[in-house]
């Protein structure tokens, strides 16, 4: 599915010189190769898990993989936009904390649930805008600007409340986490889907279309390739860069809604370190941190790989706690080295 | 044509950068349906004038009229919307995207479901074919193209918007004769359609071939505007450089009469030197005090061969003997250690370090060669810098200015200084005169000649065959990544001889059109 | 309490045991744990792991949280339910937000036992029982000691865990409910030191300066922070136990050692070693017996060097 | 005369443009706020061979940040980033505490030296692994060091078996808490390190080489700069300095806290470097600036506690300080100021007829 991201073209007229074209065609494919590799490894992990621990390929495990990681998928999409331009957004985790605490408090204060949800999303947009303005108009480096936003959001969240804020039992926001049973299996072995999952799928689809079929999306890639070139080519660099940070913040707001509705409560310490998970998902999915190359679908696979890895570690049950971060690190390393090999390979093919 | 009002009129434009007055009350007019050439030495302010027009730089004072209305553009995008398309001096494309996308970025054909890629590519193919690039596979990443083809792609891109004004800042600096001819056909057609074309080049032949009118700048100041017919070359040059042309000519002509008879052991001998996919195994000999020219069309593999010699790329076959000893040269560092030096054709990405000062750029290689723990004292650095800034006549001769603020030609001279400072026995110069004004070009050529006279072996690569013929003692002709022929230079050898060698071979092989 | 499955017992869904191919009735226990956090947690979780051994007929699946993140716990919990373990032990990092997960466990007929931390709101129908020392009581014990140790009053300072964590909130509440009503004990401030000795030292050093050393009592919400405060007191040229009295919660070995040396003044144990009780409860639950919804683990307090010295030899953690 | 005036203006501009200047301003402002809260804030006491006071506390708190910030500064100069310093700190601390506690020799100098040497050796090795991943394997620094950040904390936990190990050794403790000439040993040591690195970098051509790599690694390779070796060196040095910081951080309380020691200190170090005017994009760097940045962060942390700002508001307070600094350092805000000044100057000029 990720291979088709390059649009089909009509055959180029004229005799193509034979020497470069074979390798180049390979080259075009190769840029998607890390993503494909991620997909293959994901499938491999499923097969391994099923063989070693059992009960992986069944309705509940697979649908929970989605349900539990819906917010991570959304964050990964957010980070894909940012990273494609060569930037970074460290604030998404903290935005989730602030947005969800604020949203729950508003809802409990009697706001209409739709309004509360809207505010949650807009809080994300606003904080994204703050980062964007700092970066674009004041020349602050993305790492620092979003770090400041991260502190800001985290601080605002804890100033609102340091205790868990619980949604009222009858709050309509909770319904966003209703489990819709598609196949009602034995006991909990149901194929379920939640509005959160649907939201994440829709977001991925929209992101895919935006990135590959709109000028905005192509500008994102162009900026990642060379910001200076993009400016001199007359592309709307400023607006686009502002846009991606707003998008990133907004999606963090959406992720906050998805996560909060499922948990039914919100807290200022939610989301610590999630930005790193999202970055890892993006990188595993084959997007380069230097910007310019990558696929949003890859990031989805990346998020699922991380989620599945946690499931497998839990299933194993015997892995010492101190090893888990080492394993996560190791897997990340394997993926980036793989990408590196592919890149080196591609360069060789090209010359 | 003279009856129509100018489509662009710039009056009393001034721009200063910290320490330089880049433009000083410059006037400029551009009429529909003309090709107007902007001439001047490196650093005269040509690119700056263009950027002032399109709003990349803010002007300090002056007035810009487009179609009679006063305008201040906020940047390329603004100018584009007003019908002014620009190809800036350095190729500004996105290497990570495909060729087709680069042409169409920002102008993709849109349908109901967002961008219609089929139609978009069709449009790209169409405009590329006008420049003779119909054979390109639009889905290939741009990075697979040579600099020259990239330049053509950038030009195609500018034509996509169907502009009323087309600005080309040194579009021909890396093109060969065929491609220039193609480009000129296109330019003439556009001129016929009433498009106003602003053209910058350092090639006088091209100026006289295509341009209707010339504006000359010197040191940021306006010298004059002349119809091309009324200005002969000598006058043009003296207007540009502000001094007599005869002195220049004497510099450049020296070398052709000089012929060097190689004696004794070669300084460098390479056997079977090659690398898969870039250079077929090649034999090569070089003597002290000899200038070896590498000639060939674009993409013939001259750069690749040079890079192998310097260890910038790792060879995967062959042996190199240096001063009779078998030597392994696998990195630039080891090459420097063996007193080799290499000046890349890609000045922007592989030459200068933009944010370092002229002094730091100049001493970098010497310092790298000594190792970081044996620093040059500030005094030594200053002496070195002053020496080469004077010797190569770099302007401004301010060692503490970041090199990015120098014009292209002066950057090139600083780079030459960097390599000379390492006191090499073998100096490889890849396109050292690309994009360089006549004066500076003559100075660089003279410097090469002088080096050879001092016993340095020089490998000289240039797309300008006349220049190769003028400077070299021996010429290796390359094609399709291999050595085609080796010619002893002499009165009988001319640019045509080389072209003939390449063409002959081409008939046998039915070579491709790149 | 709902008492687990009505008539189903351990291998209610018959899945995992067959899958594991174990001949004997090996009981699979999923332990959603907190993971490395400090001495207390270490002792507690090691104790659980040492109790549910293979020899005892259990396969314990230990799933610590990553970075104390509740999300990773929910993931692990879900996974245990999907896998169909026989019992789930849950040490929640956070009390709120467990309803859905617990309901799913109920649907899957997997009994859940809360270890240490409770859930919010405390809906006892969602789990079988909670086994824990009581944070509120423990900090109340510290507060009671403080009130009696400072009859003439004094200034005190609180070193808290990370803002927002439920343990912190509970321990604050227990303390404030008692001390807050005593008007001559004056709170000069509270700061987080993130459970860490190093931070506590740095924080308290500055607090002493800001108050010209005029602080008589420190309530440190865990041992580590109390020890950090003691170092800060010594560095300031004061004598802990004399100029500044420090009370801590947990009762780890280093704290008792410090108490026996007089560097700390009061240590309230928050007893981590209740693996045996847990084992009994699990057995009962699997046999379908009723259990109490809240089993409080008794904890001691140590209010003198002598008490600490006496307890030290058989201190296990 | 106008020339003179413009030269003075130029000099002032250069100072204002020097980003670290604003770091100094921020430190002064924070100290002033503290001083208002407590007029005795700046007083320094002296008793049995040690100076004491808030300023001394700040210097001591700044010491570990300075060490990692200096290492970070070198890494950032080459266009890299080192996210693993916090984790390397905890590894070094874990090794120190674990070894000392297993030796159980409260006042053996030899054991102290051996332990520290081993801890620093391991820290350097971890840094070198970063270096290899970046320079030889060619991975992006962000990812390589992110991996090390994840793995490092795990390694520390493996070393101590997940426990927070405590140990006794007078020598090691003295290093962290002792005084020489009335000043804390840690601070003096961090000064020594800063001076050493500064000399190493500026007296040799190392600084130029690092900047060249950071600005344009392709061009500097062709100019003969040994990118690989230099990157390897820089990451190793960063690891070593993080190791030293880790030993001190744990030695000050003689306990390693596997989940807290060094936690997120990489962010402090990066902030310090950026506040000091070094761009994360690489190139020109300023060690002095990083030192100022480190001092600012320590001052900020201490101020928060001193003022008794509630724990929940600390992050927001930090954010505000960072944003304010970023804005002051930004070209755009400065040009706004410049315009205002220029307008004023112009109106003055117009007032005086030519």
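To keep things simple, chains are lettered A, B, C and D as they appear, and every chain counts its residues starting from 1.
Rule of thumb we're sticking to: a residue touches a chain if its C-beta (ideal position, glycine included) is under 8 Å from a C-beta of that chain, and two chains touch if they have at least 3 such contacts.
The UniProt protein names, listed by chain, are A, D = Simple sugar transport system permease protein; B = Simple sugar transport system ATP-binding protein.
Computed from a predicted model, the values in this text were never measured in an experiment.
The greater number of contacting C-beta pairs, out of the two interfaces A-B and B-D, is seen for A-B.
Centre-to-centre separation between subunit B and subunit D, using Cα means, comes to 44 Å.
Separation between the centroids of subunit A and subunit D, computed from CA atoms only, is 31 Å. Subunit B and subunit C have Cα centroids separated by 72 Å.
The multi-chain contact residues of subunit D, meaning those touching 2 or more other chains, are 157, 162, 258, 311-312. Residue numbers of subunit B whose C-beta contacts span two or more other chains: none are found.
Among the residues of subunit C, those in touch with two or more other chains are 36, 67, 163-164.
Taken together, the chains touch in the following pairs: A-B, A-C, A-D, B-D, C-D. Looking at the complex, you find that subunit B touches subunit A at residues 56, 75-77, 79-80, 86, 88, 92-98, 100-101, 105-106, 108, 110, 113-115, 117-118, 121-122, 125, 129, 134-141, 143-144, 157, 277-278, 512-514. Residues of subunit C that touch subunit D in their complex: 36-39, 42, 67-68, 160, 163-164, 189-192, 194-199, 201-203, 205-207, 209-210, 212, 224, 227-228, 231, 235-237, 254. Those residues of subunit C that touch subunit A in the shared complex are 13, 15, 19, 30, 33, 35-36, 59-64, 66-67, 69-72, 74-76, 78-84, 94-97, 99-100, 104, 107-109, 120-121, 162-166, 169. Subunit D makes touch with subunit A in their complex at residues 81, 133, 137-140, 142-144, 146-151, 153-155, 157-158, 161-162, 258, 267, 270-271, 274, 279-281, 311-320, 322-323, 326-327, 330-333. Only residues 38, 40, 47, 52-54, 57, 61, 157, 162-164, 166, 177, 249-250, 252-253, 255, 257-261, 263, 301-302, 305-308, 310-312 of subunit D touch subunit C when the two sit together in their complex.
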